[in-house]
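Both of the next two complexes hold subunit A, though its partner changes from subunit B to subunit C.
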Partner chain A sequence: MKILVCIKQVPDLESRFKPNGSKLWYDEADLAFRMNEYDEYAVEQAVRLREQLGDAADVTVLSIGPDRVGEALKKAMAMGCDRAVHIADPDALLRDPWQIASIIASFAGGRGFDLIFTGMQSQDRGSAQVGVLVAELLGISCSTTLVGFACDGEYVIAKRELEGGIKGVVKLRLPALVTCQLGLNVPRYPTLPNIMKAKRKELLVIPVAELLATGPVAATVSFHPPMRKGSGMVLEGDVSTLVEQVIGILKEKTAVLR
Partner chain B sequence: MDLDLTAEQKLIQETARDFARAELEPVAAQLDQGDDRTPFLANLKKLAELGFMGLNVKECYGGSEAGVIAFSVAMTEIARSCASTAVTLSVNNMVCEVIQAVGSEEQKRAYIPRICSGDYAAGSFALTESGAGSDPSGMTTQAVADGDGFVLNGAKLFITSAPYAGLFVVWAVTDREAPKGKGISCFLVEAGSPGLIIGREEKKMGQHASATNELLFDNCRVPATALMGRLNDGFRIAVGELAGGRIGIGSLGLGIGLAAMEYATRYATQRSQFGQKISGFQALQWIIADSFTELEAARLLLMNAAFKKEQGKPFGKEASMAKLYATEAANRACYAATQLLGGYGYTRDFPVERYTRDARICTIYEGTSEIQRLIIAREILRTFS
Partner chain C sequence: MDATREIYWNVGHGVVLPMYILVFGAFAVLLWGFWQRLRLWRQGKPLDRFDRYDERVKRAVSEIFGQLKVSRVKGGGVPHALFFWGFLTLFGGTLLIMLQADFFTPLMGVNLLSGDFYRGFSLVMDLAGLLALFMLAGLFFRRFALKPKGLEIVDDDYRIHLLLFTILITGFLMEGARMAATELRQNPDLARFSPGGLLAARLFVPYGDDSIRTVHQLLWWFHFTLVLGFFCMIPYSKLRHIVTTSANAFFAPFEPKGTLAAINLEDESIEQFGAARIADLTWKDLFDADACTSCARCQERCPAHTTDKPLSPMKVVRQVGELAELNPEGSLVEKVTPEALWACTTCRSCQEICPANIEQVNKIIEMRRTLTLMEGAFPGDEVRTATSNIEVNGNPFGLAYAGRGDWAEGLPVTLLSQESDVDILYFVGCYASFDKRNRAVARNFLTICSAAGIKVGILGKEEKCCGEPVRKLGNEYLYQMTAQENIQLINGYGVKRIVTTCPHCCNTLGRDYRELGLEVPVEHYSTFVHRLLEQGKLTLTPEPFSFTYHDSCYLGRYLDIIDQPRELLRQAGGRLIEMEQHGYDSFCCGAGGGRILAEEKLGTKISEKRVRMAHDTGAPLLVSNCPFCLTMFEDGIKTGGVEGELRVQDLAEIVAGRLRNPN
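Up next, the complex of A and B:
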């Protein structure tokens, strides 16, 4: 079984973000990057399937971006992926989900992947579109927001998270693409010997120009921090009037009291 | 010249940091205050399985073969969350490395994999005695050849991990007539050997989860194969291996110092007095600037020592400089962090109090600051005479 995992490298979410010069995305200077958390679940699930199937399976991990994404790819290989594909693109962070999906589909098309894993969304752009667009472009079945996964080699049984804590179960015939939600599994820490051995695994670099044949369909027009909230209201006076004031405010400005 | 970590070193740093935050930090305060070592030992086992016990050890002995720089950055990340875990890691790595450097092939295959895999929770380095601390050549523990082995008698002090160590690297006098330091040999003694007694545990100021015990030898018989390296050549081994351990302890100190200053700086940006955040006061900005400058200098000294060792170059002076500076800077950072927190820094509700106690031993163990200065001065003066 040929398995593909698509991962993105994103800034550590504890970073302080500020808009870049064009005010269309964040400034990358001083940011530390790591694998998108949702994608860690995707890698873990792919590696578990690889372990379940043994040498009958082969896992390729793919990422689009500048040189530094090599670190995220090496982590995925240290976690157990067999080989990596780095689509070299210094402008990857500025591309819209359609272009990213097109690049991936262009790579995956004709290579015979039976199963593709992606994270449900990225922690920075958060569009949650890339996975489903890749499936659509490749014409394969797709299920999103996985919290449970099983595969017998012919079908995927996917447990999905729906709104309000409800779960749904979907059966997909391979080839298929699934997007992984947090909590799907417990991603492993890469062991140090495996980090060192990942150096010896195949890492293929493909210039993005060989795969990108389409322009964006959506453009970011502004990137800015949220407006600062005004300071809260401070009520003063006698308790009996305070209670009335609070009830009045709750009735007027919220749905708590009618 | 490239001061950046490699992709592999960055991944090891990230793995150490992720593990430390997720597994060590939540139990560090509880381990500091309690007597139950269960979570501490469980985390040591997990760290062994990830490959942190033999960072600079060859793969064929179960090590990670990741190098000295990776060892240093991993130690710093672990120590940010739990100094007790970090010191155990440092000693375990040192024990593996000393066996790898001077042990026989049989000894390497018998013991290094057990420490690297976590089969042994720890290895211990039994050098210090009550009358032989900074001057280990003054030790009195004896090993006397007897039939097909040796019989050890004496007492060691301040032995890290003794109650749960599977193996002890023990130094003992084998030639009482030889000049000082020339008649000492090194032995590998397995836990449970008859006559090896784990003595009293010290009640320490900090690093509580890591046990520090007396170790007694009462006619402890070991086979001839327990001798490591050549007879009467043990002191040279000890002195050589301690230099590598100093990179570990310096890195540990750096981790505590960073943890303290990062906590205190975040606090200073949130705490208001006189109608403004206290980080707005220049007096406190200078404390923050000085502390982080010192910690960055410590990091670079450590990287330099680690790089030299990794390249196979002499690194003794650099390791002593890094250990001296990093551990003293860590103590100053903890002092500064406490000052930034004010009265809260003196309470156990905030971790800076623990960091301060944990940091204090760093200028003492693995060679005091004064011994480091002796080594540094000796190396410098050698080039002038």
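Up next, the complex of A and C:
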């Protein structure tokens, strides 16, 4: 079984984000990058399936971006992916989901992947579109926000998270694409022998120009921090004391009673 | 009449040949026993503990014959030392008799054992015997009647006590029988020099010569057989420690305390990291199991054990021994259990007090290494998160690395990336960089430096976690990755001296980083500020206050810094009320060994226990000088219910508040 896992390297969310020069995305200075959290679930699930199937399975991990995404790919290989594909694209962060999905589909098309894992969404852009778009472009079945997964080689049984704590179970015939949600699994910490092994695994670099043939369909107009707004105040309790409180606040913070 | 005695009196010289044959036989059994143990020890990896031979011999001789380590704990230790000296004297005296009877007399025709020398010899031997007997009685009472907590009674204890008592008592009886038939009648004056024998002799006085002689012969053979039995038993019982514990005084490491074998990450032929099986430990680790006397001193001081966690350093050592003997292919981690391994704070109090020079801490870390590096295991999910935070942001909190130097904004400090000509590099560490409480310590340290005219540089956002917590949790890979980045950076700036406010950073940079290429001198601010004061670069205005001082494990036990912080506090006007466990005997705060990253889910809280000890002194103030300790105590004071009665402050805060001319 040929398995593909698509991962994205994103800035750590604790980082301090500043708009870049063109005010269309964030500035990369002083940001620490890591593998997108949801993609870690995808990698873990792919590796578990790989372990379940043994050598009958082969897991390729793919990422689009500048040189630094090599780190995320190495981590995925240290977790157990067999090989990696780095689609070299310094502008990956600026591309819209349609372009990213097109690049992936253009790579995956004709390579005969039976199962594709992606994260439910990225932690930075958060469109949650790439997975479903890839499935659509490849014409394969698709299920999103997985919190449970089983595969027998012919079908995928996927447990999906729905609104309000409700779960749904779907059955997909392979080939298929699934997007992974928090709760699906606990991603493993790579062992040292696997980290060492990962250094010797195949890492194929493909320039994005070979795969990208389409323009964006959604343009980013502006990237800026939320406007600062004054915070509200909720007073509770007995009416008589509430009146006192309101008068006090009006005196203290405003000029209306002066 | 000359003062001497007839050797082989009543048993005759005919016993000499069978006696020697039997003695050689007993020694053969002893050697065979140790030969078999040797095969157990050799299952371990090689390790050179035969270097610096002369120093090792000197240390071993002074430790063994001085009984230096065992006697540090008075209860069991002092009687043990006295018993040892008594028994050793008896052994030496017996050897002298052997030399006299079978070498000096037949070969040289001289008798050393006569006249005043014999009188002295006789008295010393008798007193040694009595001393050994009384001490043995004391130890017997302690073990079987007082039953100190943690001291287990095993079959060996009954056998050995019985054997030693019988050897000593039959010795005196035999002497008494001989004296009743000889000295008492012929030379009663001499009998005074055998006070123990004299007491026994009185028992025989009523009986006739023949009966005495028969009983004496029986006693001689009985005593002799018991002594042979004693030698034979050594390798097969707890008596083994006579050889192994003594040998460990020779084998003990000379490396700086806390030295851990670094893993060569370049070596791709290594398939096993850390200790999963017996063969992954060193021979010394296996030897340690045989050197352990189960005295329980480690266990009763272990912060994990005494707060009801499933760890006893003694048990770990024993479990290693059991596995080496019974199931060398078995899993160490399974035997010891991950819960026990993760509970260790690497506080080193076990190793500090161990009379047998056993290295408990590194065994635990080696087993943690296999858990971490081979299985990707963690003590809890919070540690997984913290580890991943260190990987991404270089600090366990997961805060933006770019904010690491924010605490120093507006303070008199130089960023090395802007100017590298400074007096000291202050390696701030994660806690003083990010934790609100510890940022105050960093600021106060800068105040002190600035008052002394010291130009301080920091690495700011370029600094990363020193790697200590993850290393102690077994993650050698992540430790070396972060360490190498720090080292490259520091070496690149041509730093002359590094000062830390964290004892963990201090140990790591000053000792562990040596192996990876950092050579700059590193010190803790306690000694640095102490020196500034001594050199007159700082003056304090003493203000009286009462306090108790907590020795952080890594400052006290690991770096031997005990007096300087106390002296600083004294000069600041402090009146010190010591906790019972202080100095080398200090009790951990609970945060060492990477536990600072972990939640304490098992047993009771170590920090609360330590805070209670501080509270019990009656002092209103607890002073520490370690960010982990400070963090633990701030928590312990709140959760331990002594809020309002006890405060905790860092040494830097006390000193900075009493500077003569604070800038």
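Brief remarks follow.
Rule of thumb we're sticking to: the second predicted complex is superposed on the first by the 232 of 258 C-alpha atoms of A that agree within 3 Å, B and C clash if a C-alpha of one lies under 4 Å from a C-alpha of the other, contacts with A are read in each partner's own complex, and residues count from 1 in each chain.
As a working rule, contacts are C-beta pairs under 8 Å (C-beta built on N, C-alpha and C of every residue); 3 or more make two chains touch, one makes a residue touch a chain.
No experiment lies behind these values; they were computed from the predicted model shown.
Of the two partner chains placed around the shared chain by superposition, subunit B and subunit C are both touched by A:Y189. Legend: residue contacts after superposition of the two complexes on their common chain; A:D30 is shown touching subunit C, with no touch to subunit B. By the touch criterion defined above, A:K74 lies against subunit B but remains apart from subunit C after alignment on the C-alpha atoms of chain A. Contacts of A:E14 after superposition on the shared chain: subunit C is touched, whereas subunit B is not. Across the two superposed structures, the residue set of subunit A contacted by subunit B and also by subunit C is 34, 189-193, 195-196. Taken in their complex, subunit B has these residues touching subunit A: 7-8, 10-12, 14-15, 18-19, 49-52, 55, 59, 63-66, 70. Residues 265, 268, 271, 273, 373-378, 381, 384, 387-388, 391-394, 398-403, 461, 476-477 of subunit C touch subunit A in their complex. Within the complex formed with subunit B, the residues of subunit A that make contact are 34, 70-71, 74-75, 78, 189-193, 195-196, 198-199. Within the complex formed with subunit C, the residues of subunit A that make contact are 12, 14-16, 30-34, 186, 188-193, 195-196.
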